[in-house]
Amino acid sequence: MHTSELQRLLDQSPVHRALRIQAEHAPAAQVRLSCQPGPEHAAEDGASFLHGGVIATLLDAAATFALIQASETDWATVDLRVDYLRPTPFAALLISGSAVHVGSRLGRATAELSDPGSGILATAAGTFTRLQPLPERP
Amino acid sequence: MHTSELQRLLDQSPVHRALRIQAEHAPAAQVRLSCQPGPEHAAEDGASFLHGGVIATLLDAAATFALIQASETDWATVDLRVDYLRPTPFAALLISGSAVHVGSRLGRATAELSDPGSGILATAAGTFTRLQPLPERP
Amino acid sequence: MHTSELQRLLDQSPVHRALRIQAEHAPAAQVRLSCQPGPEHAAEDGASFLHGGVIATLLDAAATFALIQASETDWATVDLRVDYLRPTPFAALLISGSAVHVGSRLGRATAELSDPGSGILATAAGTFTRLQPLPERP
Amino acid sequence: MHTSELQRLLDQSPVHRALRIQAEHAPAAQVRLSCQPGPEHAAEDGASFLHGGVIATLLDAAATFALIQASETDWATVDLRVDYLRPTPFAALLISGSAVHVGSRLGRATAELSDPGSGILATAAGTFTRLQPLPERP
């Protein structure tokens, strides 16, 4: 799947648009997204780091899109574990997703959030269920 | 802690304000929040259910505030598991949080998202680390 | 399902027999097991508490059997989160399992390990996939 | 840490000895264990695959020992997520553990169970708490 097609699918969600998530790269069974969060995503007013729910959103998106990329079908999150390693600053963030297992019904994927200056900030691992095939592009 | 104090702490986060999270009730070691999500929280434009990241945000807030309520100190999420049981509609949502274990350094809490019509929609279980005591109220 | 039938199913596994797991009680959508661990289940030789893998085994069994009890079909564990709250002593342990959601393909269940003297020692939450219906009893 | 020292620490647990866990290799912040399970570890009598609790035990051991290897101190499991991808056969199993984050109090590690014929069978991700430094070797 081309980066432009991933971007089109990502942009179908207002939550992704609010986070300005960009599809950066799309090797087989992986995706690489970037994001530039704003003050509306802070843990608290004036805090220098993001709300954990925003981080979960980014990791969930990357893991789901890795499975989409690996299978050309859509997936819904069944469950997700998020590990918060360090506070996530308001930097240009990278979020990579990897499909670990693509089954006929269930998929597994992991994701990793990092910024170039700090290394890995948060990780996730989840189980997903396969939805209907993606619609044909118009 | 009074509901009004919980609300004041919740409102320190722009993420909570955007979700219009209200503190409803605060028995010992528990909190009960409500939320009225809007179209900006949809999984996709036009979808009738919420983005999974929004659900994770609500459950994380409820679990964290249950520990705050149980301990009168603040906590940061170490890791969180979210289980998505059913699609979450744009209803008046209830999110209850329960402190399971309040240790000197680590806490454990669970949370449950429901709407009166559908029953339980999502659950979470997490580990949290104790931060400094809450600041005195002015 | 009668306690005797649960016990028969539990005893099909040599791992359960080695842990001397007993079915104690079986209300709808729940099970209550007991277990008397021995020195072969210690974290280390001479330690006064159990190996974490043994605790995961007990919680997995209780959660799985809660779904079996709720559905009269068998289930396989898709993923499981285990929270270790306190070291688990060599006591007469109780392990309760609860079915949270029984879907046509996926189930969710939680479990809790306790001993009467110490309260809750460990908890678990997992996703399970439905297998074929249980065979008829002879 | 030398493989022989890892083996000595592993062998302090009767649970590890019963599973015949061998330390194979120990690069920095990683371990590689092997295991030859027996019929006493079957999911059921006559089954061709292992009990999930045994798999959790192996993954927990590998993740914990990756942190031990990375830090030269001991760690206790705070919580662990296990993902079961495929039934695990009675083969010569490999279990690799990787330290993801080694903090002053909390550590994070992942583990992966595989056999040469089937690829990845199960994975795990967990949070761990640092215990006292390892005792000096005699």
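Per-chain residue numbering starts at 1, and chain names A, B, C and D are given in the order in which the chains are listed.
In this section, a residue touches a chain if its C-beta (ideal position, glycine included) is under 8 Å from a C-beta of that chain, and two chains touch if they have at least 3 such contacts.
All of these numbers come straight from a predicted model, not from anything done at the bench.
Contact with both subunit A and subunit B is made by C, D. Its interface matching that of B-C in over half of the contact pairs by residue number, A-D stands out among A-D, B-D or A-B. Between subunit A and subunit C, the centres computed from C-alpha atoms are 34 Å apart. Distance between chain centres (mean CA atoms), subunit C to subunit D: 21 Å.
Between subunit A and subunit D the centroid-to-centroid distance comes to 29 Å (mean Cα coordinates, whole Å). Contact of a single residue of subunit D with at least two other chains is seen at positions 78-79, 81, 83, 127. Within the complex, the subunit D residues that touch subunit A are 81, 83, 85, 100-101, 108, 120, 123, 125, 127. Across the complex, subunit D is touched by residues 78-79, 81, 105-106, 127, 129 of subunit B.
By the touch criterion stated above, subunit A contacts subunit B in their complex at residues 12-15, 18, 39-45, 51-54, 56-58, 60-61, 76-84.
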